[in-house]
Structures are given as C-alpha cells and as structure tokens.
Amino acid sequence: MDFFILMKSELILTVIIFILLILKIGEGIRDNAALMHIANGLLLLNFIAGFFMNREGALFSGMFVTNDVLSLEKNILNFGTLLVSLQAFDWLKNHKHLLEFYLLLLSTLLGMFFMISSQNFLMFYLGLELSAIPLAALVNFDLERPRSSEAAFKMIISSAFASAISLFGISLLYGTTGTLDFAYMADYLHGSELQLFAFIMVFAGFAFKLSAVPFHLWTADVYEGAPAPVTAYLSVISKAAMVFVLITVLGGLFRDLEGMWYNVLYLSIIVTIVVGNLFAIRQQNIKRFLAFSSITQVGYILLGLSAGNETGFSSAIYFLIVYLFSNLAAFGVVTLVSAATGKEGIDDYKGFYSTNPMLALVMALALFSLAGIPPTAGFFGKMFLVTAGAGKGNYLLIAIAALNMVVSLYYYLRVVKAMFVDKSESPIAKLEGSLMSGLSLAICMAGIIVTGFVSGLFEYIVSLFIKV
Amino acid sequence: MNEIGLSHILIVSTALFFIGVYGFLTRRNMITMLMSVELILNAVNINFVAFNHYLYPDKLEGIFFTIFIITIAAAEAAVAIAIIIGLYRNYKSVDVDDADQMKH
Amino acid sequence: MILHILIHVPLVTALVLLLLRDPRQVRLAALLGSALQLVISLVLLWGYRAERKAGNTAQMLFESMHEWYPSLGINYHVGVDGIAVAMILLTAIVVLCGILFSWNVQQQPKEFFFLIVFLSAGAYGFFISLDLFLMFFFLELAVIPKYLLIAIWGSGKKVYSANKLALMLMGGSALVLVGLLGMYYSAGNTFDLMKIAEAGIPPGLQSLLFPMIFIGFGVFTAMFPFHTWAPDGHSSAPTAASMFLAGISMKLGGYGCLRVATYLMPEAAQQYSWLIIVLASIAILYGAFATMMQKDLKYINAYSSVSHCGFVLLGIGMLTTTAVAGAIMQMVSHGLMTALFFAAIGMIYERTHTRQVGELGGLLKTLPFISVVIFIAGLCSLGLPGLSGFVAEMTVFVGSWQNPGAFHRTATIIGCASIVVTAVYILRALGASVMGPIRNEGYLRLQDAAWNEKLASAILILAILAIGFAPFWLTDLVMPDSQLIMNKIIGGVSP
Amino acid sequence: MLSGKYIALIPLLPLASFFLLGLFGRRMKGAAGMLGTASILVSAMLSFYVAYQYFFVYGQADGVYRQITALKYTWLPFSENISIDMGILLDPISVMMIVVVTFVSLMVHIYSLGYMKGEERFSVFYAFLSLFTFSMLGLVLACNLFQIYIFWELVGVSSFLLIGFYYDKPSAVAASKKAFIVTRFADLGFLIGILILAFYGETLDFPTLIQRLTDPASSQLIGITTAGFLGVSALTWGLVLVFMGGAGKSAMFPLHIWLPDAMEGPTPVSALIHAATMVVAGVFLVARLFPVFAISCPVALDVVAYVGAFSALLAALIACTQTDIKRVLAYSTMSQIGYMMFALGVSGYYAEGGLGYTASMFHLFTHAMFKALLFLGAGAVIHYVHSNDMLDMGGLRKHMPVTHITFLVACLAIAGIPPFAGFFSKEEILTAAFHSDKTVFYVALVTAGITSFYMFRLFFSIFWNKEYRPHGAHHHHGEAPFSMLAPLLILGLCSVAAGFVPFGNYVSADGSPLHTEMHWDFSMLPIGVALAGILAAMLMYRKASEVPHRLSNAMRSAYHWSYNKFYIDEIYLFVTKKIIFNLLGRPAAWIDRNVVDGLVNTTAVVTENFSEAIRGMQSGKAQGYAIWFFTGVIGFALLFIYLWM
Amino acid sequence: MSASTVIFYILSAAILGGALLAVTSRKIFRAAIYLLFSLLGIAGLYFYLNYEFIAAVQIVVYVGGIVVLIIFSIFLTHEAGADMPRPGRGRMLFSALAAAFALILTLMLINRQEFYPSQGAPVEASVKNIGTQMLSLTEHGYILPFEAVSILLLAAMIGCIVIAIKTRTKA
C-alpha cells in the first residue's frame, strides 16, 4: 500500500502514458482537440492528486525517496507541463503525431520524477536519460523544419557527451566510495582530489542540463530550433527538474564538500550571469533571446542555491515557480505568434501593442517578471535568491549579480520597446488564440501577479523544508 | 589472475575515455562522433566493472550500472541515428560543421 | 489606517483607469483619484500635527505592521514621521498638478494616466515604508513606468533617454540592494528599519555598505557623477513625467540617503561625510556652470536640478540638525519648484513647439500667465525670499556653517556662491525667452493657459508661497526628526 | 502708542496692494494707480504718526533714544538660538527711514499717475512699486540680521522687475539682469558675513547681536576676534563681507556698474529705487551695525571710509562726461552715497565722535529729497523731449518753467549751497572727515567741487544752452500734468526745508542727542569750491560754445577714461564672458557631455563590444560546444582542485 | 609475466588500439570496424574479469546492436567509401593536447587516491544472481530501474518512429 501512495505521482503518470498509448494503438479517437483535452484532464488529475496523501518514505532501498518537498517539486513540474500542454494547443491541433508528442513529453516528465526522487546514482542516471532522450525527439518535432532537426542533433549529441562525462565522474565516485546510494556515499565523500575531480565532472553534467556557462552552448541553438512549446518545456520544466536535483544533491550528497562546491558555484554564477547577459543583448530571435535570458536566470538560481541552507533552497524553488509562470507566459505569447505567423524576430514584434494589447501586456509583464521588476512575482523571486545568496557575506558576488540585473533590464526593455514604442509598417495581425492558450496565459498572469504579494506560497515551501 | 591490479585497468579505461573524448572533439562526421560517445561510455563501463570487481565485490552495483548504461547507450544511439538521418535528409550532409544554421 | 488608505487609493485608481474606456472618464478618474490623495495627505498632515501636539513622541506615527514573509523577516511595516509627511504632501501636490497639466494628452490617454498614477503609488509607498524590503519594492516599482512614459510619450531622443534613465536608476537600486542585504544579515535577518537602527551595524561593515547605499540612492537624486540620466531623461520626458521625475523621483534618492544610509549607519556617515560634501559641492557648482551653457529650457532646468539636488546632499553630508532639516526642506522646495518649472516649459513647448531659448522671446506679451509662472519658478530656483527655495537653501547654509573648520566652510561658500551662478543662468534663460522682443510673429496668436493649467500652476505656486511665506510649519514638521537622526549620528559615535 | 500691530500695517499695506494689483490689476485699469497710491498714502500717514510717537513721545528713555522691538515672530528657526525672526525694530534710523521711504514712494506714486499714464502695463507697474515699497519698509524695520537679508533680496528683485519693466527692450532686459546679478554677487558676501556673525554671535537678533559684539567681556566677542582666517579676525571678515553686500546695493566701487545701466527703467523708478531709497540700503546696513563697526572693529570701518571716498570721487569724475542725463544723475547718486559711506567710515561711536554717523544719516535724508526731485525733474524733461540725451535738449526753461526752477533748487542742494538742504548735511560730513581723516577730507572736498560742476553742466545743458528744437515733426503737450508737477513742488520745498531739521537731536550713533553747530568759517572753503564748480559749468555750458569740445580734445585721454567709465564695465565683461563662461561654463558643459556622460555611454558601448567579441563562442557547431564543455571541465578541475582550495 | 598478464595486455592493446584507430581513421567504414574490435576487446576484458554475463550483453548489444546500427546509418548516409574530411589542424592539436593533459591529470589523481576495498563476502555475478536482483523488490533489487529503462526504451522507440515516419513519407 505504501508503494502506491509513495509513488502515486509516478504511477498515475505511467498510467496516463499507457492510456495514451492504448489510445494511440486503438486509434479510437481521431480528434486532436479531444485527445488534448483528455491528456490535459489527466495531467490536471495528477496535479490535484499531488496535493493529497503526501508522505515521507523510501522504496527500493533508497532508489526512490519521497517527502513533502519532493512531492511539491513534482507537482510544480506537473503543473508546468500542464501549462505547456495548454499552450501547445494551437500548435498541435493539426499535428499528425499528437499522441506521440504526449507520450514523449510525459515520459520525460516521468524521467524527471524519477530523477528528483532518486537517492541513488543509478536511478538518477536513468531518470536523467529518460528525461533527455525523448526530449531530443521532441525537439525534432517540427518535422518539416531543418532547424528543428539541427537542434535535435545538437541536443542529443551534446547531452550524450555531457552525460558520458558525468558518468565517468559517477564511476569515479563509485570507485572511491563503494556505493551509489547517496545516503552512504555522503559518508565517504571527504574531498580527496579524485573525488573533487569526479564532482566537477558530475557537476558539469548538471550544469549542462541547467545551461550554466560554459556548459550552456547548446541551449540557444536548441531553443531556437525547437518548436516553441518544446522550448518552453525545455527552458522551464527540464531546468526546474535539474535544480530540484541539485537541491537534493548539494544539500545532501555533497554536503561535506560545501567549501568546494560553493567556490564552483561562485565562479559559475558570475560567468553564467555575465555571459548570458552579454549574449542576450544582441539577439534578434525572440526564442534565442529567451534562451540567453533563461541562462542568466540560472545564474541567479545558482546564487540562491549557493547559500546551501533552507532559505536558499526554498527561494530557489519559489523562484522556479515564479520563473515557470513568467517564462511560460512569455513562451505562450511566442508560441501563439509563431504558430500563427511564423515570425520569431524581436523586430517582428514592433507595434505589437497596437494590434494585440492584451498579449503585449502579458508579454511585458512576463518580461518584467523575468527582469525582477516589481510588482511582479519575479521581483520577489529574485530578491529572495539574492537575499539567500548574500547569507555567505560575499558582497562582491551579490554586487555583480545585482548590477547584472541592470544589463538584463536593458534587453528586456528592448522587447518592451519594440512592442510598445516602435511603430511598424506591418505589425503582427490581431491573433485569435484558442481558449486553451488563453487559459494558460491567464493562469500565468495570475501567478505573476499574485505569487509575490501572497506570501503563503513561499512560507509554505519554507515550512516544508523545515519539516524535512 | 590477480597480478593485474586495479590501476592497470583504470589506466586502460581512462585512456579509452580520453581517446573517446579526443574523437568526439575532432571527428567531423556525426556518426563517428556517436562512435566516440560509445567509446566514452565503454570506458565508464570498464570503470564500473573494475571497481565492482576489485573493490566492492560484496554487491553488484557496478555490474548493474554497466548493464543499464549499455541499454541506455543503445537507446540513445538509436534516437541519435534517427535524428542524424533526419538531419541528413534536410542538409544532405553528415558533417557536423555544416549543421550550423543557428549560431551567435 | 490612513496610511493604508494612502497607499491603496492610487492603486485602486489605477485599476479603475484600466477598466474605463472613454478618455474623458479616464482623465476625470485620474484627477479625482489624485485630488482625493491630496485631501488624504492633508488629513495626514493635520492628523500628524494633532498627534504631535497631543504629546505623542513616538518616532513614527500611524505605525502599522503586518507579517508578510516572516521566514525572511520581511514585514509590511509602515509609519510616518514629519519628514515622510512632508514628502507625501509634496508627492500629492505634484501628482495632482501633473495630471492637470496632462489633461489634453491625445496619445493613449488611458495608459498615460495609468502609468502616472501607478508611479505615484510607488512614491507614496516608498515614503511610508519602514521595512527596507518594502521600501526597495516601491523604489523599483517606479522605474519601468518612467521608462514607458518617456519612451512612448516623450520627445527628442526619447528611447535613448528612457533607456539611460531606466538603466542608471536600476544600477543605483542594484547598489542599494547589496547594501540592504548587508544590513539585513548584520542586524539578524530583518529588514525592519527600526530594528536595524536598534541593532546597529558594526562600523567595519558600515564603511563597506554605506558607499553602496549612498551612491545607489545618490543615482536617484542625480548625484555627481551619476547624474547624466537626469538631463536627458528630463528633457525627453513628457511634462507630467518630467515633473514627477524631478519633483518626486529625485527625492526618493535624497530620502533614501538620509533615512537608510545616514540614519542606519551613523559611523560611516561621519566617516564619509567629507566625500559627500566634496561630491555635493562639485555637483552644486559644476551643475550650475553646466547649466549656463544650455540652450534648451528643459536642459537648463535639468542641470539646475543637479545643482539644486546638490544642496540636498550637502545638507545631508554636513551632519548638523539644521543642515539635515535644510536638506529635507530643499527636497520639498525643489520638488515643487522644478515641477512648476517643467510645467511652464511644457506649456510653452505645447504652444510654440520649441524649447530653444534662442527661438523664443517676448512671451510675456503673448503668454502673460505662463510667463509669470515660469518667472516665479525661476525666481524660486534662484532663491528669492518669499518663495520656498530661499528658505531651504538658507537652512542648508546656516546648518552647514555650524561646522567649524576650513573644509566645511569652503564647501558652504561654494554652495552660497552657486546662488550667484543660478541667478546668472536663470536670468539669462528667462531674459531671452520670456522677456525681450518677440522673435516669431506667429507667437502673437498663441493662446494663454487654459483652466486646467491655471489651476495646476496656482496650486503649485500656492504651495511654494506657503513655504516661502510661512516656513515655520515645515520646520516644525521636519526639525524634530532631523534632530532625532542627528542625535543618533552624534550619539552613535564611540568616544 | 508704538504697537507693533499697526506699525506692521506700514509695510503690509503695500504688500496687500501688490497682491491685489498683481492678481486683479488688469481689470482695474486706471484705478490700479489710485489703489496703489492710496495704500502708500495710508502707509505714509502711519509712518509720520509713528515718527511723531517715537521721536516725541515714547522713543526716549533717559534722554537716549532706545531700540524698541515692537514686534517679533519666529519665522524660521534654525537651531536653538539662531532663527530668522520677522519683526519690527524701531530706532531713530529705522523711523527716519520709514518716513523717507513712504514719503518718496508716495511722491513717486503720485508722479507716476501722470508719467505712466496710458502704459499697457500700468497696473503691473504699480504692483511692482508696491512690492518694492513693502520690501524696502521691511528692510528698514528689520529686527533680525537675516530679516534684512530677506528684504534685501526682495528689493533686489523689485528693482530687477522695475528696471526690466520695458521687457521688450533688449537693453532694459540686459540692464535688469546686470543689476540683479551684480547685487547678487555682492549679496553672496553679505550672506557669508551673516553666517560668520551668526555663528560667533550665536544670534541673529540685532539688539542682542550688537550688544554681544560690542561688550568686550562677552564670550562671543572674544570668540569672534580670536578666530580668524588669513590673519584677519573673523569679526573683520564678517563685517567686511556684510559691507560687501551693502556696497553692492549702494553701488560702491567696484560693484557700482549696474547702477548707470539701471536707468533703463522708468524714471520714477529711478527716482525711488535708484536714488532715494534702495541704493542707500547699504549705508543703512552699515549704520545698523555701526556700533559693532565702530567699537569692535575699526579696521572694517576704515574699509568703509576708503571705499566710500574713492567711489565718491570716481563717480564724480565719470559724471562729468556722460551725456545721458539719467546716467549723470546715477553717477551723482553713487558719488553722494560715497559721501554717506565715508561719513560713517570716519565716524566714532560716542557723543561728538559720532558726528559722521549723524551727518551720514542726515545726508541720506536730504539726499533722498533732492535726488528724488532731480530724477523726477529729469523724468519730466524726458517725458517732454522723448530722449535721455542732453545733446537733444537745451533751452527748455521756457517750455517747462516749473521743472526748471525745481531742478535748479535740487542742483543747488546737491552742490551744497546754503540754505538748501544738501549744504547742511554735506557740511557736517566734511566737518566729520576733517576731524578724522585728512585724506578723506580732501577727496571729499575735490568731489564737492566736481559735483557742483557736473550738476550745473547738466542743468545748463537741459534748460539753457542752445534753443530747443524738437526733432521730428510731432509736437507736444505743454509742461507735465499736475500729478507730475505737484511732487516736484513738494520735493522742492523739502529740499529747501530739510536742511533745517535739527537732525542731530534725533539721530546719533549712541542715541543721545548730538548738538551740531554751523562753523561758518570752516564752511567757506566748501562753499567756495562748490561755487567755483558752478561757475566753471556756467562758463562752459550756459551758452552753446566750443569750449567744452576744445577742453575735451585737450584732455583727450582723461576724457576718454572718464567717458568710458574707466573701462570697468569692460573688465567685468572680460571676467564674465571670457573667464566664467569660457573657462568654467563651457568646459563644465563639455566635460558633462563628453566625459561624465561619455563614461556612461562608454559602459554601454564596451558591453556591446564585449558581447560582440565573445560571439565566436556560440559558433553554431556542436563540436565547438563540446570543446568548450571539455575545456570547462578541465579548467574547473584545475582551478578548484589546485588553485582555490 | 604470467599468461593472464599477457592476455590483459593483448586485450588492452586491442581496446586502445581499436579505439585510437576508430577515432583517427579517415575511412568511416573502417572506423566502424575498428570500433567493433575495441568493443570486442572490452567484452574480452569482461570475460577476463569473470563477468561472462556482462561480456555477453556487451557483445549482443554493442556488437550486435549498436555497431550494426551505425553501419546501417553509414550506408544510409552514402558515405561509406569516401574519405572523411580532416578536422581543422588547430582543433586537432588543441583536442589532442587537452585530452592528453586531462589523461595525465586524471591518472595522476587516480594514482594519488587511496581505495578502500569492502570487507564483505563477494557476491558472484552469475546470471541467476543478476536476474534475481534485477527483478527483486527487496534490498538490492533493481526492479525500479528496470521498469524505468523499459519506459525509456519505449519512448526512444516512439521517438525513432516519429522521426523515421517522416523519412518514409518523404521518400
């Protein structure tokens, strides 16, 4: 019985996958919209179920662990996926491989669930690959577009390389500690040079998934080439999952190496924020632009993590929720525009406000939230991260991070300027989005506006951490 | 057979690992890059097996890890090759340097 | 309670604006909202004085506190002292007048008024916050509306100016942020201003954090050499935005310098006071000289604002009760005066479509009302007794002079000397644009101010006169609190 | 009764008039002038009443005129003991001044009813006049050093507004700016002086301040004399700087350059502000602090004396060659104020030693009458001729007999011919100088001669000399209307009568009556010098002749120096244009745009360039990415394993 | 030098030599064959270490699966015979140096590491043991990874099909 309760998210997800698989094989329903409603309904179900009967426990000798924080993390991912799925409505409603899309999407989600619940490098690795390999196929889902396959290739080859290198690190960790189980391994990690080297290799794998500089280079190309909803998924869900893992790993497995990993994070934060910003300021494609912006955001998330305490981890999770709303709102608009017109240049957004005021507002709010401008939730998120990060008393780091917010404001304002200030000969025509994407945007908006003012969410996360 | 120590095998695996890395970094054919990845993964496998064998024979964690790595390598290779072939249809090339429409 | 109303009225107004469609309704709603806000501010002033008269000696009145993010020590903690009341009153007046002056905005009026009202919410919030997080929240809240106001409704190289303004202000607030976090941890994980003040910050840390916070807020108040956003931003902004920017936004910085930097870090304030004085003196004189060479009326006022805000910093840097009170009075005075100045320039520009001093001339004949308004603003700027500028500047000077020693004396004399230079550039500008022969026959057909402009000008002029003629009520308001701040600074020094 | 409540009405009535006229004047049209005049009339009556009450009823205690603080409100508290108070301080000079101010102001108000008739901005003119009168009254009644400064600035701005009254004339605008800026510069000194005195005196209240700074035992006096800068005591600095403010307002060398230009204003204004009242504010200021000057700081008083004497001579020399009649009068004003200044400068404090003080105040009093008369007369002439230039005039005695006679009376008064008012006051001044400082005395004597020369040069050029030929076809009303003539007559009367007031009985340095007697033997010399001047002028200018021309050719360089006002304006122009603008303003503006702002922009450019520079990292080639990845791993490993642990 | 040592060196030579040639050969088909040798060598190494099952898996999956897949894809991309383009000289040099440096570094680190063998009784890696543990729910059971990997394989299959379908419709 424990088994069913503890693994309920994964089990429901698996069931969903199988329902969809049966639908696919049976070819019972041919209406894309109906299928999507079913999938969304099931995801919603899982999301709701995620709130009940959350218990702490371990299964399979620590290969699967769950507690309130992990349940929350899974719920966040599930919710994000639901939003992405809603946004994908317009893009997918005429797509031939709708169910395949969902199957792949949900398997990656399942992989992430396994990954964040794992207390064992084997399960972690499997979850990682389960979330990475189908994603590459998803990136290739705009089958007609060459860029989509180029992106998919870059993604799979880079991620294969990255995971191979971090596997080597894992093998060295195994060799030096004799176990794959985090709980035991932590006792044997004392920071011998080989262990540090192994840690760096493993960290590089994490950083690769997170798109931290200099392991980020695949990000922009893949984001640009992938279909917009997949990009959204990549930039939010898969990144969030990795952060969750990092929370577990840094706070648990590598706790004795904190002196080491703090320095690693320190350097990563600085180069990630700076390089992400420097690239973002000269992008012309909006997806690419959002890619670099999300790289910068990772820098800030790492800043929060670098605190290495409850505050840091809670603020990272909180920020991810905010980031999920903000980034998905931005990508929701991008998806709509690119599905309707195929336009993805920032300059194409000139005069957007005059034709699509609501969408422009959503986009602007989302960008402000990403930039950390009040009263959006992004402000709170970023403030908490920076506050947590300052706990180590490293003011240089905080100053660099804070000043880089200025640079990022510059490029967010570029887009805002294009939408609100610039005039265009041929602005994007009035868009008629579906109810589904409208719903997702509305949810995101509500999230952006409410999440900051209502302190309950953050306090809830903190309380969960304290409980765990 | 015990006169071959762990370190010998580690030397082999490490060398294999970096040969794979070298191949990955220099091979311009996508398929050969994939082959290099396989070499790297095999180096990891050797590591796991060797560590399991020499140091921690009381459990089979290394062995299992190896089995799973092999499985995943297969899946990964399959997807990668499918993508490469799709890419080839679009670009008429499997030279990795030709797939650079998106940059900067 | 009144503070809750104060902060919620603009927010509600902004929301209402979003719901309305007819531009007339929109502007009426904005006007009503801001007028209501002025009434509330006056009630606040009255209530504050009544409380003080009744013998309430608490540092902050109307305090109220709600937990917000307890785990991070962030609270919704508001309260006012006399300084804050003065600033709130200033804000209410300037915003109301700004809305009146923008009565005939043609382009996207709804958005325009929304942003103005939203901006004002930021300012009110900033002044009443007693929690540094809250304060920072409101500080940053105001940056983007400014950007949009300039970029959309501005003139000239508006995008460049808007960008520069937004980025420099953000840069300033970034520095502030670093400083705030340092204080947060030093005071034991609290952002509460009063608690931090109580806990005190170790002097070593202070000397690290103080420059950050002071420079950060200094950017807002256009402290040399971080002032260059001001000329471009002011001159590109639409009238109401210029008024707000120079009238209120720059005051956020001064207020922050005083309330956060100086008050919370007394030792560092003493340690760095020489630097503040040097920078302020440079700003005062250099801003004045730079103004002399400007040809555009808005640039003239913008640079003169740099010079005038130098007095604010000078007053703060001088660290005497009188000087600090003078700095606060200068904030209020400059806010009113510069708003009036920008309004007059805006009215002229609207009619003649030029702001170049050389192209104007003889406006007194064709636009007597507006000319008188700009004259009064100019005279206030050059510190004519009977208008607010004089009162404030003199308080700063007298306060500054209370410091013995050649260094402080020199700085004071530099400050005093600038009033001569001010007279030079103000009279040059007015002499060429308002007086003199008419240069353009077309100006003869111009329409003088409309009712809304007259009303708004009258309100501002009345406020200026109220301070100029009867400064004692303002002194009563701010002097005890500057005394309090100074007591902390002087008392905080270890012998 | 000397209740502050009604005394306060004296300044407040003009203020009310200013606001009324300023706000509603446009609609009142002609009634505006009547309103302004009425308010000042009431003020004047009150002043006379106050003067009566003070001098004859309440003012004296134990034979000494007291200082009475009739009213005092704290206006702007700075600190515990330093505050700006608004109040009324009555003492002989302030009472004397309110009489002078309201009286001359009343005359000018009446005069302007005719002179300014038909002006478009008639009501504005009266509003400004009222503002000025208010400010001037506030100044003389001030009970607080800072209060005086406040009204000091206000009279400055009224003067600015009135000089620039014809705002569409560029020369008027320039003159008004010049007047304001030059006096502002002087006020800078005043302000710093106030700061010094306030800091050491620990009060701004006049009676207290004077008491503290004259009592050798007071800690404040000890403090201010021991403190110093550049070897000069703080007291000297303070007083000299305060005097700098006075010198600016009173057009003393070298701050006099604004006064001649100020004649661009309407003539009644020149009469009121730039002859009778405002320009003597400097003298009044020194007189106000006279005890401190005289008792504690003779050095500063010497400065006053020499600056006054030099200005008197310089102005007289310049006046000889000017052709603009108002400018001649302006320089004469400067010269006469020089007299008042050095009279104060040579004076002592106690009893007989205080003759200079009394003389100075006396001269101030009489000068107000006859100089106002001169200006108003000149205004009548200008009104008639439509020109300021004496070359356009001549022979006007037939056209304007009343003006002619009153002008003559005024000229005799200023020349110091008995029994006209100027004789008595100048006589006292020369006596005081003679007993105190011979150099000053001789300078004053020479100046007296020159004075009578240029005044009669003026007189003859206007009313005698060649026959009047109106240029242009347009002609003309007869002599000025009654509203203009009446003030001329009244003032003419005063110019005769004022000299007979036993001034020393009422006004003296230490408050106790000072009995002055005429020393006819001594007076012979000045009278002779004055008569010589008149004679010279008569010879040269009574008839049109070649003499003046030949004389100016003969002394060409001296003539040029004088005609060009010793090139002081040019020096100022050089300083402002070349040094302030080109060496300070221009560089500041340039630095701001290019260096300070340049830094900001450079930050942006550098960021963008940097961004461009690292774009190669994102080559688009998967292998390149892998190389970065691998390098990153190795780099991190090296860094963190070996360098950073 | 015992036979076992000799065998080890032969195997090592096969592994490293095959790998080196596989990454340097300019003929892609030959490279695939060299890879095959290397992989076989590794299988041999597993045999050498008495892990017959792993060796079998290695041969079945790698040699029988992946290499065949690779060879197929080589044929599909029509480049079997042609010489592959040379990598850039700079890149080659840099990669070689970096790899060599990293190799030395790693070996040095491994050399300096002290390993602590566990003291527990060895478990035989027999097919039976592996099978039992693979499907066991209890301690040391690998049923969860097993299920996870099966979903992964399913997903990979679907992914391949989606991408492959496109090629079919195009062809």
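When the chains are written out, they are named A, B, C, D and E in that same order, and each has its own residue count from 1.
Keep this in mind: a contact is a pair of C-beta atoms (placed from the backbone, for glycine too) under 8 Å apart; a residue touches a chain by one contact, two chains touch by 3 or more.
Computed from a predicted model, the values in this text were never measured in an experiment.
Asker: How many steps does it take, at the fewest, to get from subunit A to subunit B if each step moves to a chain that touches the one before?
Answerer: 1
Asker: Among the remaining chains, which ones contact both subunit A and subunit C?
Answerer: A chain counts here if it touches both subunit A and subunit C, which gives D.
Asker: Centroid from C-alpha atoms only, then distance subunit A to subunit E, rounded to Å. What do you get?
Answerer: 31
Asker: List the centre-to-centre spacing of subunit D and subunit E in whole Å, with centres computed as mean CA coordinates.
Answerer: 101
Asker: When the centre of a chain is set as the mean of its C-alpha atoms, what distance in Å lies between subunit B and subunit D?
Answerer: Their C-alpha centroids are separated by 96 Å.
Asker: For subunit B and subunit E, let me know how many angstrom lie between their CA-based centres, rounded off.
Answerer: Each chain reduced to its C-alpha mean, subunit B and subunit E end up 5 Å apart.
Asker: Which subunit C residues reach two or more other chains?
Answerer: Not one residue in subunit C touches at least two other chains.
Asker: If a residue has to touch 2 or more other chains to count, which residues of subunit A qualify?
Answerer: Residues 122, 126, 129, 133-134, 136-137, 140, 143, 152-154, 157, 161, 165, 172, 175, 178, 193, 197, 220-221, 282.
Asker: Among the residues of subunit B, which ones contact at least 2 other chains?
Answerer: Touching at least two other chains: 10, 17, 20-21, 24-28, 33-34, 50, 55-56, 59, 64, 68, 72, 75-76, 79, 82-84, 86, 96, 99-104.
Asker: Pairwise, which chains touch?
Answerer: A-B, A-C, A-D, A-E, B-D, B-E, C-D, D-E
Asker: Touching subunit B in the complex: which residues of subunit E?
Answerer: The contact residues of subunit E facing subunit B are 2, 4-5, 8, 12, 15-16, 19-20, 22-24, 28, 31-32, 35, 38-39, 42, 45-46, 48-51, 53-54, 57-58, 61-62, 65-66, 69-70, 72-74, 76-77, 79, 84-85, 87, 91-92, 95-96, 98-100, 102-103, 106-107, 110-111, 115-123, 125, 129-130, 133-134, 140, 142, 145, 149, 152-153, 156-157, 159-160, 163-164, 166-167, 170.
Asker: Going by the contact rule set out above, which residues of subunit B touch subunit A in the complex?
Answerer: Residue positions touching the partner: 10, 17, 20-21, 24, 30, 33-34, 37, 40-41, 43-44, 47-48, 50-51, 55-56, 59, 61-62, 64-65, 68-69, 72, 75-76, 79-80, 82-84, 86-87, 90-91, 96, 99-104.
Asker: What residues on subunit A touch subunit B, complex-wise?
Answerer: Touch residues, subunit A against subunit B: 121-122, 125-126, 129, 133-134, 136-137, 140, 143, 146-147, 149-154, 156-157, 160-161, 164-165, 167-168, 170-172, 174-175, 178-180, 220-221, 224-225, 282, 288.
Asker: Which part of subunit D faces subunit E closely enough to touch in the complex?
Answerer: Per the touch definition, subunit D meets subunit E at residues 623, 627, 630-631, 633-634, 637-638, 641.
Asker: Show which residues of subunit C lie in contact with subunit A when the two form their complex.
Answerer: 67-72, 74, 133, 136-138, 140-141, 143-144, 147-148, 151-152, 159, 163, 166-167, 170-171, 174-175, 177-178, 181-182, 184-185, 208, 212
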